[in-house]
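Sharing a structure with you now.
To keep things simple, chains are lettered A, B, C, D and E as they appear, and every chain counts its residues starting from 1.
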Amino acid sequence: MNVKPDFSKHANHAETAPAFLSVWDIHAYYGESYIVQGVSFNVHEGEILALLGRNGAGKTTTLRSIARLANPQVNKGEIWLDHQPLHRMSSYQASMAGLGLVPEDRRIIPGLTVEENLQLAQIAPPIGWSLERLYELFPRLGERRKQEGVTLSGGEQQMLAIARALARDIKVLLLDEPYEGLAPVIVDEIEKTLRIVKEQGMTTIIVEQNAVRALQLADRAVILDTGSIVFDGTASEVLENEQLRAEYLAI
Amino acid sequence: MFGLEKKDATLLLIVAVLTMCAPFILNPFPSDSGLAQFNAGYPDLMQRFVIFGIFAIGFNILFGLTGYLSFGHAAFLGVGSYSAVWMFKLLSMNVIPAILLSVIVAGAFALIIGFVSLRRSGIYFSILTLAFAQMSFALAYSVLTPITNGETGLQLSLNDPRILGTSISADGGIPVTQLFGIEMRSTYAMDVGPWLFQFNAGYYLCAILLLLAFYLSIRIFRSPFGLMLRAVKSNQQRMNYTGLNARPYTLAAFVISGMYAGLAGGLLASMDPLAGAERMQWTASGEVVLMTILGGAGTLIGPVLGAGFIKYFENIFSKINDNVLHQWFAFMPDGLEDFMVTIVHPFVGKGWSLTLGLMFMAVVIFLPGGLVEGGQKIGKLFRRKKAAEDTSPAAKTPAE
Amino acid sequence: AAHSGYTNAPTGDTVTLGFNVPQSGPYADEGADELRAFELAVEHLNGEGDGGMLSTFSSKALDGTGILGKKVTFVTGDTQTKSDAARASAKSMIEKDGAIMISGGSSSGVAVAVQGLCQEAGVVFMAGLTHSNDTTGKDKKANGFRHFFNAYMSAAALAPVLKNLYGADRAAYHLTADYTWGWTQQESIQAATEALGWRTVNNVLTPLAATDFSSYITPVLNSGADVLVLNHYGGNMVNSLTNAVQFGLRDKQVNGKNFEIVVPLYSELMAKGAGANIKGIVGSQNWDWKLENQMGAKYTGTNAFVQSFGNKYGFPPSQAAQTCYAQTLLYADAAARAGTFNPCAIGEALAGFEFDGLGNGPTLYRADDHQCFKDVLVVKGAENPEDEFHLVEIVEVTPTEQVTYDPNHPMFAGGALGACNPGA
Amino acid sequence: MGILEVKDVNKRFGGLQALGNVNLSVADNTVHAIIGPNGAGKSTLLNCLVGKLIPDTGSVMFAGQSVLGRKPFEINQMGISRVFQTPEIFGDLTVMENMMIPCLAKRDGSFRMHAIESVLDEKALREKAESMLEEVKMLDKRNMHAASMSRGDKRRLEMAMCLVQEPRLLLLDEPTAGMARADTNNTIDLLKEIKARGNITMCIIEHDMHVVFSLADRITVLAQGTPLVEDTPENIKGHPKVREAYLGESA
Amino acid sequence: MDAIILQILNGLDKGSAYALIALGLTLIFGTLGVVNFAHGALFMIGSFCAVTVQRILSVSFKTVDPSKTDFLGNPSTYDTPYVVHWFGPEFGAGIIDWSVPLAILFAIPIMIAIGFIMERGLIKHFYKRPHADQILVTFGLAIVLQEVIKYYYGANPIQTGAPEVFRGSFDFGVLLGFDPNVIIYPYWRLVYFAFAAVIISAVFAFLQFTTFGMVVRAGMADRETVGLLGINIDKRFTIMFGLAAAVAGLAGVMYAPINAPNYHMGMDFLVLSFVVVVVGGMGSLPGAVLAGFLLGILESFASMTQVIDLIPGINQIIIYVVAIIVLLTRPRGLMGRKGVMEE
């Protein structure tokens, strides 16, 4: 079964955009290869959206497009964050506008210590959580603050990447596979953290292979397949829909 | 053909045809026209094209495949030249032993330098090779003068011992280099109307060796050995954890490319029996780097193109003086003529290096990937145009 | 080319000469001046301009109609002051442009290399600025000719003047460029000064690539030497001299005498480059544009040349320019007298040729080694130059006899002229 | 005595005891899982096995020979292959070329020019590489540039490269991290099949308990650099200490 | 002893030049990761700033002096610099005399502008390109800059003196208790040393006490991620480049009185400065400075007669010998950081 996204929501898009973050008909390319083929969805303020799909479906590419990274090239489409046109910005401007991305391979900066990695996030405005507060949330990082970031264990790096995003005062948090490589207890921890920040009003998009966990956390879900949206609805809808789960999520 | 895939065989064939017909191709302008200045079809330059082509092909085996950027390759060229000249002085004027010795000596030299330098990678490797080459240059220029004849360069003289041969030729001069009696300098000139085509024995020897060198390089590129070298470039870590020691592979590539340089050096000396120390200077090493990048590092034909490009500028543009410019623009009214000469003047003659510098920048800015990529782009453009032409008639006749 | 018994025999109504000068690298300005002289010479040979030294030249075989009735054309090339590049450039002139004579150059290494090439190719080489003894010594060639003086002659000319100026009891410290020219220069000047009674305290070889000579200069301070001899040329010399002056050597008193600096080989461009540091420093030159005005009519030709050069280019010619100009005229004249361009005939015409009126006074092209013998100038840096053309002052002219040596002099031994080679 | 014997291995990084007196014995032809919280030292332990790190003290014996003091390539030649936590592949080469490299690498470690003999056995090697790609379901991607694949695919490629070497001991560091559920299941099947063929021992680090419990014969739990318990999967699941330190409530 | 002290002084001086050039190069090469073959050319342009200022200040008008004739026999002319005309012979001549220090003021904006233009117009597009491409384009640029200078200023060195007061030399030995006239050292070289020390400390302070250095290093390691943290890295790269160009240029300005500037002086220093940077260790500013001084001093010692007599030719190759030894014993140079340009 294919659940077609409801494009009527997007009618008369830009000015009347109802949502906090709205992504409208983006098309993204890596060189010649056409990866994201017209994706549109909305995220409301304070909501957690799960973006799901197989390997290579284009989830990462979609997040990177929203974060305005140089690669992929977005040839068409609009992205509005709180009435600001992200699609006209470069990545650092998007970040100043309130966007935070935790990239899939964590991208801890080599040559910098844990603390420097965090300080780096607090150079440009707007500044978010203080380092003390972050160390409180992730005591591990506090213990390791003088260690070079890239020598952290895989899971520690993941914590650092999330902490780095929170060190900025962001409005929308984009998480690309935040649970990957984390011990189950830590996953629980992070899930708790995400709930906490949600309560404080954070809007989140989470991409996750562990679909069940993501769906338990999320309010809504979007499923991508080969660069197009095949489902857009509430998280519980997915959990209830056998066929959808089997076809796209293998759960 | 020769165990090559079709595409490579075609490439080899094209190169073969081009080198064999070079005396025609490089001499397109009649010798009495103003454009004759741009002709490059005279023995010395043709020889240089192919010899530096060989040098660059060899360099590319190391740099293009493994990514190790040697900044001291000219040392091997120089060592090759010195060996060859010594062979001429001591043994015989036949080029075969000279070339063999230069390849062997350069190979041995490369083995030593490579063994030490390859303990480091990246920029550290580049600086190590640079240091070795600069040391060789400095020593050859002064301290080792008894062997290298220093600044002047090692030349033949009338009192060379020359075991297999004579010290002095019949007419009282220094004997000339030859291959079993065929003098390297002997040139057959063909007058066709205003054109003069020169077929030089030395050039053809170099050209044949270039083809061999090119063939061997294709084989290396396509062989599993070549694959290993590319793997070295891509991810040495993974290579290690796959049970492969990268060192012997890189060292082999280094020695092979050193031998290519030695061959080029030996050929230079065979065509013109002089070996100068500045052949080993860092600028000379830099030149082959530039040739390779300019043509397209990692491509088969690129280095040869790059070598031709640089040598062409050095030899042709440097010779255009104001006199020549006035000849070119003579057809214009006087004021305009002088104006044109003034405009062009800074870029030719003594300004040739300015033009070369500008060309370097232009190529790397507009044709990332070098001349080969430029060629491919043009090729694509043509194909696209053709495709567009093919489809356009169809568009005119509606499907209904 | 047609087989007429020698390489590049001119077939049409023109004859092509090849001017191979440094156009890039540190000697580019010198090369540019040489090129100006060549162009002027060609003009004069073809009967254009005021004729320059043609009118003062003692031989009257040239009449301003080119050479042997053929109009003179020329090609130019860049030696880059590298023997390899110079040979490539010369070869292209010979192979591509049909040049029948190659001239020019600004260093001995290049001169020897190109001379060797011309010998092999069978064309005449008229050396430009080359000062090493080897060019007409161990590396001499039948097809090569040198008008410029050499290291031995510099030393021989300087020695008596140095004795007059600084006395016979001196201790010299040599800094020498570490390559063949530097060595022959040092060897010559050491021999000549020791013959005067000078002591040689030390001789230190400096790398060609050196730009800062401070670490070679400082040991001089306390070595006990009271004369510093800089066997350097071009940029090396400008830098070493500048450094020596910076370190206050010239203000020093050693052994109760003023410390002195000597630069055996001088040139106008070097003097310009050295600026105020050159003031009062003694050296030798092949020629100077003020020669006729100051030293009399013996040096006729000088003024004629300076006039036509100055009118055309707006400044007086350098010694390099004069040499190149003279060499071109000498070549043309020899061809005219021989009645052919065959290098062997030209060689015969030049060998032992005595002439006058080319600015150096009576001159001999010696047959044994193809070296010119003529008076040598001892010069020094002007204390108060009236303009940038008067940086060099003539101190004295050393007559030919004093600088002449035996062709078998040990400093020149080891080579053989060989047979002339007409090529094809 | 097991094929792999780790005795009293210690490793410090500055002030941090990453491994403290680790003892481990892995029996031949079994799958041994190593689990534990992030930063427990699991990857460090593997690094000590393959020569990337040298332990401060202790011994590591493989098939009766010590691996210490050997270079990584020599250790591989002894029969140990490793899949890394962040994929290590030849990014510049195509998938097929990536596969050819391990096929060409000889176990005896001899350096060969491969230029002359290439024609002789290239075809056989090619077939071997292709059948391996088939097994990991990547044959259709054989001509793809390895760097431009999605991360799950890179992982599978790396695994294929290790498997085609037919190692005696295969070390897998989070082989299914970031893999879609369907592919994770495929990977489990693949590893099971490999195991069933026999003559291979595997050490696997994984945070996905589904994978661990479906594959492992024995499990070692590492915490703060020291083994906490070693037991069968069933016992581990119920172990209270493990639940607390690692699995959390969701396991 | 005195000889050794003198060579140490020489070494420090040479070392200052090497260190200054290497410092600028490290900012570009070690920090921005761009192999800048045009760095020597920047140094050269700095020197020519001094030449230019001297020329500008000496712009003159001609007066005919009928009492003399020039070399062609025409009435000769003499030049009066406008500044002398305007400010009187003493002060005017003084201004010309001080042209090298004045050139510093002139060079700073010029060099920063050149750095900005170079980075914005050219280098910017090459951060992500292979080093080989960077070499090609910057080498081309170096040739172009060099040739342009040659076109306007000729190939001959141009003497550009220090102010009169700095021209003499200073008896250093007396201070240390030696006899007079044993250890004397030119004032200007002492000035150069002090100047180098000031510049080096200023650059260190700037990078140490601001986050600028950290951000640029981070940006080099991973531009994309730094962008994700809201930092406009392009702007900072440009500033860094301008800074490096200014350092190179100032090193050149002050060097003009030591060695007469010529158009290819940059190339003479280029290879050497790469060696210095790499021996110092990629990406390490202290390393670059340390290696600069080390090589300067060793080079000075190697040129002592006693040493040359022992090992002939050692003065020619000392730098390379040291480079080889250092790189073989310390894989990342003296103070190199891991991972910087090791591929």
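We adopt the following convention: a residue touches a chain if its C-beta (ideal position, glycine included) is under 8 Å from a C-beta of that chain, and two chains touch if they have at least 3 such contacts.
Protein names from UniProt, one per chain: A = Amino acid/amide ABC transporter ATP-binding protein 2, HAAT family; B = Amino acid/amide ABC transporter membrane protein 2, HAAT family; D = Amino acid/amide ABC transporter ATP-binding protein 1, HAAT family; E = Amino acid/amide ABC transporter membrane protein 1, HAAT family.
All of these numbers come straight from a predicted model, not from anything done at the bench.
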item: Chains contacting each of chain A and chain B, listed by label; value: D, E
item: Identity of the chain that, by mean CA position, is farthest from chain E; value: D
item: Distance between the centres, which are taken as Cα means, of chain D and chain C, whole angstrom; value: 76
item: Whole-Å separation of chain centres (CA-atom averages), chain B against chain C; value: 35
item: Centre-to-centre distance between chain E and chain D (centres being mean Cα positions), rounded to whole Å; value: 53
item: Numbers and ranges of chain E residues touching at least 2 other chains; value: 316
item: Chain B, residues touching no fewer than two other chains; value: 138, 141-142, 353
item: Numbers and ranges of chain A residues touching at least 2 other chains; value: none
item: Inter-chain touch pairs (all); value: A-D, A-E, B-C, B-D, B-E, C-E
item: Residues of chain C touching chain B in the complex; value: 1, 23-24, 28, 31-32, 35, 39, 74-78, 82-85, 87-89, 91-93, 95-97, 107-109, 112-113, 116-117, 119-120, 134, 139, 178-181, 205, 207-209, 415-416, 418-419, 421
item: Of chain B, residues touching chain D in the complex; value: 3, 219-220, 223-225, 227-228, 230-231, 233-235, 237-245, 248-249, 252
item: Chain C-touching residues of chain B, taken from the complex the two chains share; value: 39, 42-45, 48, 138, 141-142, 145, 149-153, 155-159, 168, 171-174, 176, 185, 187, 189, 198, 272, 274, 276, 278-279, 314-315, 318-319, 321, 323, 349-350, 352-353
item: Residue numbers on chain A that touch chain E, as the complex places them; value: 67, 69-70, 90-92, 95-96, 100-101, 103, 107, 109-112, 116, 119-121, 123-125, 164, 168
item: Touch list for chain A against partner chain D, complex; value: 30, 33, 53-56, 60, 104-105, 140, 147, 151-156, 158-159, 177, 180-188, 209, 211, 213, 249-251
